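Next come two complexes built around chain A: one with chain B, the other with chain C.
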Partner chain A sequence: MAAALFAAERGLSCIQIGNSGGLLFASGLLDLLGVHPVAEGRLWRSPYEGLAALARDEPDHPLARVDAASVRNALETFVAALGSAGLAYAPLADRNRKVLTPIGTVKTTFGVPRSMVAGSYALEARPPCLLVDFRGLREFSAAQIVATLGDRWPGLRHQQIEFPGYEAVPELYAAHLARALESAETRGRTIALVKPLLGDARVVGFPAVLGLARAGAVHAAFEAALRIPVFEIPTMPTSVPGLRLQGALESAVSARGVQRRQQARVRALSFEADGGSATLELVGIPGGERVLARAVVLATGRFSGRGLTADRGGACESILGLPVVQPDSREAWHQRDFLDPAGHAINRAGLSIDENWRPLGANGKPAWPGLYAVGSILAHQDWMRAKCGSGLSIATAWAAVDQVARQLRGNGAG
Partner chain B sequence: MDFPGKIETQVLIIGGGATGTALARDLALRGVDCILVEKNDINAGASGRNHGLLHSGARYVAGDRETAMECSGEGAILKRVAAQTIQDTGGYFVAVQGDDERYIADFPSLCAQAGIAARAVDPAAARALEPELSDRAIAVFEVPDASIDPFRLSLETMAHARSLGARLMRRTRVVGFEREGRRIRAVQVQCGGEELRVEAAQVVNAAGAWARELTLLAGTPIEMSYSKGTLLVTHTRLAQRVLNRLRPPADADILMPGGTVSIVGTTSTPVNTLDDVQPTTADVDLIVAEAARMLPALETMRYIRAFAGVRPLVGSAGFVDGRAISRGYALFDHEDQGLDNFATITGGKLTTCRLMAERAADLVCRRLGVTRPCLTATMPLPVAAECAWTEPGRSPREWMRSHARDDTLLCECELVPGRAVDAIYDALRAAGDTPTLTDIGLRSRVGKGACQGAFCAPRAVAHLYKRGDFQARRGLAEIIDFFGERWRGQRAVLWGEQLAQAELTEALHCGTFGEELRGEELRDVRMDDAPRAAPNAGPAGKASR
Partner chain C sequence: MSPVLFQTALYASLALCALGLVWRASAWFRVRIGTDARAVTPSRRIVALFRGSASALFSRRLFAVLGAFFLDVLLLRRLYTNEKLRWLAHLLIVVGFTLLVLMHALAPIVSAKLFPGYQPTLDPYLFLRDLFGLMVLTGAALMVLGRRSARRDLTQTRDRFGAAFMVLLAFVLVSGFLLEACKIASPRAFYRMTDQFIGTSDPRKLAPLRALWASEFGVAFADMKRPIDPLLVEQGRKLNSESCASCHAKPVSAFVSYPLARMLAPVTSVLDEGHAEVWLLYLHVFACFLGLASLPFTRFFHVVAAPISLLVDAAARDRASPGQGFSSAGRASRRALALDACVRCGICDSRCSVAPLARYLGNPGLLPSHKLLATGALAGGRLLRTGHEDEALRAADGAFLCTDCGRCTSRCPVGLDLADLWEAGRGDLAAAGLPTPAQWVQARPALDWAEFLQARSGLHDLYDPDASSALLSAGRSTFSRCVQCQTCTNVCPVVAHSIDTGHGIDLTPQKVMNLLRLGLRDLALGSRMVWDCANCYQCQESCPEGIRVADIMCELRGLSVQRLGSVRDWKAPA
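Right after this comes the complex of A and B.
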C-alpha cells in the first residue's frame, strides 16, 4: 500500500492488486527500529542511531540500503497521508516511544496514533493512572496489565465497568464497542461511569475502542469530558487500530487515483524480453483481467501473506518462483526455543535484491529490469525481532518507487 | 500442599504415568495406604506421548506372542471397566503392493493362535468404508483395535485412587534412598525447594524411562536402553478406524483417529538422554514418506503438531534394532541385589498398564501380608467430571447444549469455554496445587488446535486475571512457559499453512508483545543514544524476570 501511495504521489499511474487483509493484524503502531543486534536484545532510544549501527553491522539488511533522509521522508509522507484520511498520528520525533501491550509488557515503537501517545508519556513519568476495563471484553484484562507492571508503576490501578447498552451481552467485541462509542449518548453514559472512578488519576487508559471511522473525534470528546489526557492500549488482533489503519490507507490510496483490484490475485506474470512491458493475468475478477505495466513492485509479504510458500523441501516465492535465499535444510529453519534471542533462520529467508531494489533471478542478475521487490519478502532481515516491520515496508517502498520513477523517466513519460 | 517434614505411608510409588496411577488405584482398592510422587505432572513421560492405541495385539502376533495375548486380554478388560476413556473404533491391518506376502499369508493363523479376532476384508470394501486408503492395498484384516485417551485414563485413575485415600505429590522429585541392611528406610524427595523424607514399608519404582536412574540411586541397577518415537498430528481426521500396516513392525505403521485429527507414526531411534527429546524434521519426513504408502493423502496433509516420547527398553544396554526387543514389561524384585522392600515395574505398553500394576501390587501386598485380591479387572473406573475435558469434541458438544450468559469461549479452535478452565483450575487448587496454564492445557484441549495456543493462551490468562486467580507477573511467565511447551511440538512441522500460522503467532507474541525480551523493556535500561563497542544489556540483564 505504501508503494502505491508513493507512486501515486509522484504522478505515476498505478494499479494495486491484492487485499490488505494482513493489516487487520496490525496494532496501529509503526515500528522503525527497536532492537539491534537482535541476538543481544539491545534496545535503541533513537532508531536513526540504531539504523546507522545496523548499516555497519548488516550491510545486506534492506534498511541498510536506504539513507536516513529517505527514511524520514518516507515515514513523514506516509503519516501525512494517513492524516489526510482522518487518522492522526503523534508527530514523529527522532526517538522511539514505548507503549503498553495487552499482556502488560512494554513495546518499543516509533509512530504512535495520537489516541495512544498519552500512554507513552505516562509510561515515562508514571503518574497516578487509571486503566478502565469492560466486562466481557475477552482478550483484554486491565487487571493483568496492572499486575504485570506491578511495583514498577505504583500509581497504576484498574477498574472494570459495564459497557452501556451491552449489559446483557456475554461477549464483547472491540469493533462493536468502537462503533457504539461514535454515538454521543453511549459516550456520555460511558464517561458518566468512568468519572467517579478517576480519583487522583492524572491520566486514564482504555482498551483501543474509542471510535472507528471517527476515532479522532471520539478521543477528543473523552479528553474534553474527563479533563485529563486519555490514551488507548492496543488490543489483540483483529484490533480496532488495525481496522483504522487499513481503512485510512485504503482511503488515501484511492483518493490519489490508484486503481485497486482487492479481490484479485496474480495468476501469471510474464515479461517482454526487451524489457518493455510486463503482463499480469489476474484471477478473482469476473471474466479475468490482464494488466500491462512498465514496472511491477512485488510487495507480497512472507508466509502469512502468501508471498512466500514452503513445503517440506523448501521455501519458494509464490508468483514467479524467484530464488529464495534460505538455510540449507529445514532442520535449520527454527530454533528449539520459540523465544531464542537469535530468532529463527527462516525469518531471514527471502528475495535477494540488487542496489536498485530488483530481485535476482537464478543467474544472480535482476530477474527483469522493471521488476522490484520491497518489504518483508526481502531476505536478510527479521522484522518481528528487530521491531522494524513498518519502517521496512515504508522505507523500502519509498526507495523502490524512487527507482521506478528513474526507470520510467529513462524510458519516456511516466 | 502442606506436609510435615516427615511423611509416612505403606507404599511409596515413584512415577505418575499410566502404570504408577494404576498401581495407586489398585493398592487403594485393596485398602493399602499409598503416596505417589511425580517429578513433573501426570503422564509426563511416554504415557503422554503415544498413539493412544488400545492394542488388539495383532501387531505383535508374529514376533512377540506373549505381548500380543496380554494386549488382547487387557484391551477387553479396559473396554469394560474404563469405557468412558475409549472409543471402540475397530481397526484394519492393511498391506500395500510390495509388502511381505508371507507375512500376509501367516497373519490370520497367527492371530487365531493368539486368540485375536482377525477377519479378512475385501480391499475394495475396506476402501468404501475408509476412502483415504491407498488403491494399492492388496490385503485388509479387521481387528478389535480401539482408541484410548491416555490423559483421561490416568487422570480418572488417580482421581479414584485419591477418593479412596491415596495421596499425590506432583512436582516432587526423588533425590535419595536411605538404606539400612536389606531395606530402604526412607526416600528423600524434593518438592518446591523443600526437602522431605518419606518413610514407607514398600517402595515401587514405576518411573518408566526414568526407572533405571532411580535404580542406580538405590544401588540396584537394571539394564535399560532408550528408544525415541515421534508422532505427528494431522490437521484433519483421515480415518474412522485405527489403521495398521500389515507387515513386520516398522516405522510409521499406525494411523490413529483422535477426535478431529489423526495421529500418525511412529519411529524408533536410539537415544542416550531423556532430556529435551524433540521430534526432528528428519523424523517427520520419514513418517510422511512411509505412511503415505498406506494413506496417500498424508503426503500433502497439513500437520499441526509433532511430539516425541522415549520408550524404556528393558534388558539391553545397547541395541541395533529397537524393534527386535520385546515390548513386554519387566518386574524386578531386587532381592538378589540386596533389597527386600523395593520393586521396579517398567517397559510394557499403555494397553497393559492395568496388568503391570496388578503384578506390582501383588508383589507388594505379598510382602506386606495383605491378602485382599486385585479388583481392577472388574471394578469400573468412576467418571470424574473435571477429568473429562481432555476428550476431543466434548467441549463443543457441551457448549452447544447450554452455556451460562457469562461463560465465554476461551479457545476457539477447540471450543473450550471459560467454565472448563475454571473447573480444572478449581480442582487443582482444591487439591492444594498451584495450577499453571500448562496444567490446564494438559487437562483440556486448550492450545491443541490449529492455533496451538497463540490466541487462547493470552485469553485464558486474561480470564484467570479477571477471576482473580492470577497475580503479579505470573501471567507473563505462564504464557512464555506454555508457548515454549507448544513450540516443541511445532518446529518440525512448520511448512505450508502451519508455517503461515506460526509466523502470525510470532508476529503477535514477539513483534507486538516482545515476549522474547523478557520484560526488559520496562526497566530503566539505558537505551543507546550512540553506538558502543560493547553490548550493555547482556546476559546479566536477562537474569531476573
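Right after this comes the complex of A and C.
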C-alpha cells in the first residue's frame, strides 16, 4: 500500500495486485522503532536516536539502510495522505508516544490517530479519567484496564453501558457499533448515557468504535458534547482502527490513480532479459489478466501475507522462489523458550537485497534489474519485537520507490 | 391428384390452423400470470391491445415498429448478437421456408401473378426451389447438430410434439426433392407429356427427343441404347425447342433433385411401375397440410407469437425501460404472450447464473426454459396436483433460488421480459401456498434441522466429504487459512442490523465458517445467517485470508434446499 501510494505521488503509473491482507489487523498506531536491542527490551523515547543505534548495531537491518531524513519524509507523506483521505493523525514529533492497550498494558508507538492522542497525554499526566465500555463487546474491557493500571492511576475508573439500540443483542461487534455511532441519533443517545457518569473525570476513554468512515466527525461530536477530551483505545484485532486505516489507504491510492486488483493473485512473473518488461499473469479475477511492468515491487509480506511459505524443509519465497535468508536447519528456527526476549531466528528470515532494494538471486546478484522488495519480507529484522512494523513498511517503500523512479527516469520512462 | 380431395384437405387443414391460431391467441387475453394480472379482465386486455396498437400506429413509434420488423423479425438481429451459428441456421430456415411457401406452395396466387411466364420447370424457378429447400434443410441440420453438440443434460426440455413437427418438416422437404427427382427421371412422365403436347408416345417417333432428354434432361429410359448417337441428340434438340422448351429448362439447375434423379436411374422403372410419382405427391402435399393444421398446437407456434412479441415490444419501446411502457392489462397479456413466443433456443439456460446450482441439485426447475414451462403450467392449473407435490416444490425451489441477475432477459433473442415473468410467477407460487426456501427452512431452528435430518435420513456422520469434495463448503483448503478474525462478521450489514431478539440471526458468518471448518456443515444449513445473507460480498472482499465467504453462503443455500428438502413435509393446498 505504502509503495503504491509513494509511486503514485511521484507520478508513476502503478498497478497494485492483491489485497492488503494484514492491514486489517492493524491497530491504527504507526510504530517506527520502539525497542532496540530486542534482546534487552530497551525502549526508546526518540525513535530517531533508536534508529541511529540500530544502524550501528545491525547494519543489515532494512531500516538501517534508510537515512533519517527519508524516514521523516516517508512518514510525513504517509500521514498527510491518510489525512487527505479523512483519517487524521496527531502531528508527528521526534518522540515516541505511550498508549493504552485493551488489556491495560502500555504500548510504545510513534504515529497516533488524532482520536487516540488524548489518551496518550492522559497516560502521562494521569488525571481523573473515566473509561467506558459496552455490554456484549467482548474485545474490550474497561474493567480489565482499570484492574491492571488502577494502583498506578488512582483517578482511573470504569463504567459499562448498554449500546443504544443493541440492548437485546447478546454479542456486539466493534465495526457495527462504529457504523451505528455515525448516526446522530445513536450518538446522541450514547452521549446522554455517558454524561451522567462523568463525575470528576477530566478525560474519557472509549473502545475504538467512534465512527468508521466519518470517525473524525464522530470524535469531534463526542468531545463537543461531553466538553472534555475524548480518546479511543484500540480494541483487539480486527479492530475499527484497522478498518479505518485500510479504508483511508484504499481511498488515498485510488484517488492518486493507482489501479487496484484486490482479488487478483500473481500466478506467474517472468522477466525479459537485460531489463525490459516484467510480465505478470494474474488469476483470481474473471478472465485473468496480463500486466506488463517496467518495475515490480515485491511487498508480499512474510508468512501471514504469504510472501513466504514454509514447509518441513524450510521457508521459500512464494512467487519467484528467490533465496530466503533463514536458519540452516529447521531445528534452529526457534529458541528453546517460546517467550525468549531475543526472539526467534525464523522471525528474522526473508530476502536479502542489494543497496538499491533489489532482492538477490541464487548467484548473489540482483534477481532482475527492475525487481524490488520492501516491508516485512526483508531479512535481518524482527519487526514485531522491535515495534517497527509500520516504520519498516513505510520507510523501505519510500526508499525503494525512490530507486524505482531513478531507474525509470534513467530508462527515459519518467 | 383429385381436385376435390386436394381442396377438401386444404380447407380442412386451413380451418384447423385458423381455429388453432384463434385458440392460442385467445390465451394471450385469458391466461393470468402474476397476482396483478388477476385483477384485469380479458376484455380490458383486448381493449389495451387496440389502444396500444392505435397509439403506436399513429405516432413516431410506428418507425420503431417498422425497424423492429426488418431488423428483429426478418433479420433476427437479437439472435445474431447472441450466437452467430444459430442465427445463420435460423435465418436459412426462415428465409428458405418463407420463399418456398411464396414461390412454390402459393405459386398460383403469388409467382404466377408476379411473374407471368412462371413455370415451376423453368429457370430460375427450378434452381430457386432447390435452393430454398436446401436452405431449410441446411438450417435444420445446423440446429440439430448444434443441439446434439450442446450439453445433453438437464438443460434440455422434452417436447415430443416439437420433435414430431421437426420430423414432419424434414419429411416435407425430402419428399419434395424425391418427388421432383422421380419426375425428372420418369419415362412415364415423359410419355405422358409427349402424348399431351406432341400427340404421340411412340418411342420410335420420339427417338430424337428421347435421345436428347436421356442425355441432357436426366430421363432414365430403360430401353435406351448407349452410347447415344450425337446426331440423334441434335435432331431431338429441334423438336424440343418446338414442343418442350417453353415449359422445360434443363433440370441440371435443380442442383439437388437432378443428382438425386441420376442416382434413382437404376430403379426408375420400378418406381414408375409403382406410381411413385403419384404417392410421393400425395405424401408431400398431405404432409404440408398436416404441418399447416398442427402448427398452432406445437411450440413452432412461436413463428407467429415471437414476431408479434417483438413488434409489441417495439411499439412500447420509447419509454424508459422494457416493460415500463405497458399498462397492467398490457403487461398481463405480454406475459401470456411470452409463454408462446419463447423459441426454446436455450440461450437463457446457457447464460443462467444458477445453472451450475441446477446441475448440482439435479433440479432443472432453476433454469429459465423450465421455469417458463412451470409458469405456464401453474397458470394453466397443471402444476398443483395432488400426488405431484414434489414436482411443484421443485418448480418453487427453482423459482425462488433465481438470483434475478437478469442475464436471461438481456440475452433472450426474442426480447422476452423474463425477469418480469419470474417475478409474476413467484407471486403465483406464493399465492398457491408454495413456500420460498427461506420460509420453509426458517420454520425450524438450525439445530432442529440438523437433528431432523439425521433422524429422517439415517445419517450418523454429519460430515460427508466424499459426496461433496468438490464443494467449497466441504473443501479443507477452503478454510485452512481462516484465523477466525471475525472480519466477515464485522463488516456484515445483516449482523449489524439483526438487533431484535425475535428476528436476530443465530450464527454470525465467522461462526458459520467455523462450523464448516469442523465438518459440521449440516448444522449450518438451516441457519438464519445463511438465509438472511444479502450477498453484498463485503465479507468476501474484506477477508484478509481471501476466503470466499459469500460464495460459500450461496452454496449453503443450494445445499439446504437439496438436503433439507429431501426430508421436508409438504402437501399441495386443497
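Here, the second predicted complex is superposed on the first by the 414 of 414 C-alpha atoms of A that agree within 3 Å, B and C clash if a C-alpha of one lies under 4 Å from a C-alpha of the other, contacts with A are read in each partner's own complex, and residues count from 1 in each chain.
Note that in this section contacts are C-beta pairs under 8 Å (C-beta built on N, C-alpha and C of every residue); 3 or more make two chains touch, one makes a residue touch a chain.
Note that this is a predicted model, so its numbers are computed, not measured.
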| Clash or fit: how do chain B and chain C relate after the overlay on chain A? | fit
| message | Quick check for you: in the superposed arrangement, does A:193 touch first (chain B), second (chain C), both or neither? | response | neither
| said: Contacts for A:179 in the overlay, against chain B (first) and chain C (second): which applies, first, second, both or neither? | reply: second
| field | Partner chain(s) touched by A:408 [first = chain B, second = chain C, both, neither] | value | neither
| Touching A:141 in the superposition: chain B (first), chain C (second), both, neither? | first
| request: Could you tell me if A:217 is touching chain B, chain C, both of them or neither one (first, second, both, neither)? | output: neither
| query | After lining up the shared chain so the two structures overlap, which partner does A:383 touch, if you call chain B first and chain C second: first, second, both or neither? | reply | first
| request: Quick one: classify A:341 as touching chain B (first), chain C (second), both or neither. | output: first
| task | Quick one: name whichever of chain B and chain C touches more residues of chain A. | result | B
| said: Between chain B and chain C, what opening angle does the Cα centre of chain A see in the overlaid model, nearest 10 degrees? | reply: 90
| task | Check the residue A:166 against both partner chains and state whether it touches chain B (first), chain C (second), both, or neither. | result | second
| task | Once the structures are superposed on A, label A:52 by its partner contacts, choosing first (chain B), second (chain C), both or neither. | result | first
| Nearest CA pair across chain B and chain C in the overlay: distance in Å? | 6
| Common interface residues of chain A - those touching chain B in one complex and chain C in the other | 25, 168, 171, 237
| query | Which bits of chain A are touching chain C when the two form their complex? | reply | 19-25, 165-166, 168-169, 171, 173-176, 179-180, 237-238, 243, 262-263
| note | Residue set of chain B touching chain A in the complex reads 276, 278, 280-282, 284-285, 288, 405-410, 455, 458-459, 461-463, 465-466, 468, 470-476, 479-480, 483-484, 486-488, 490-491, 494-496, 499-501, 503-504, 506-522, 525, 527-531, 535-538, 541-542
| query | Can you list the residues on chain A that touch chain B in the complex? | reply | 25, 27, 29, 31, 35, 37, 40-46, 49-50, 52-53, 56, 96, 98, 101-108, 123, 133, 136, 138-141, 143-144, 147-150, 152, 160, 168, 170-171, 234, 236-237, 302-304, 306, 309-312, 329-331, 333-341, 344, 346-347, 383-385, 387, 389
| field | Contacting residues of chain C [partner chain A, same complex] | value | 485-487, 489-491, 495-496, 498-501, 504, 508, 541-542, 544-546
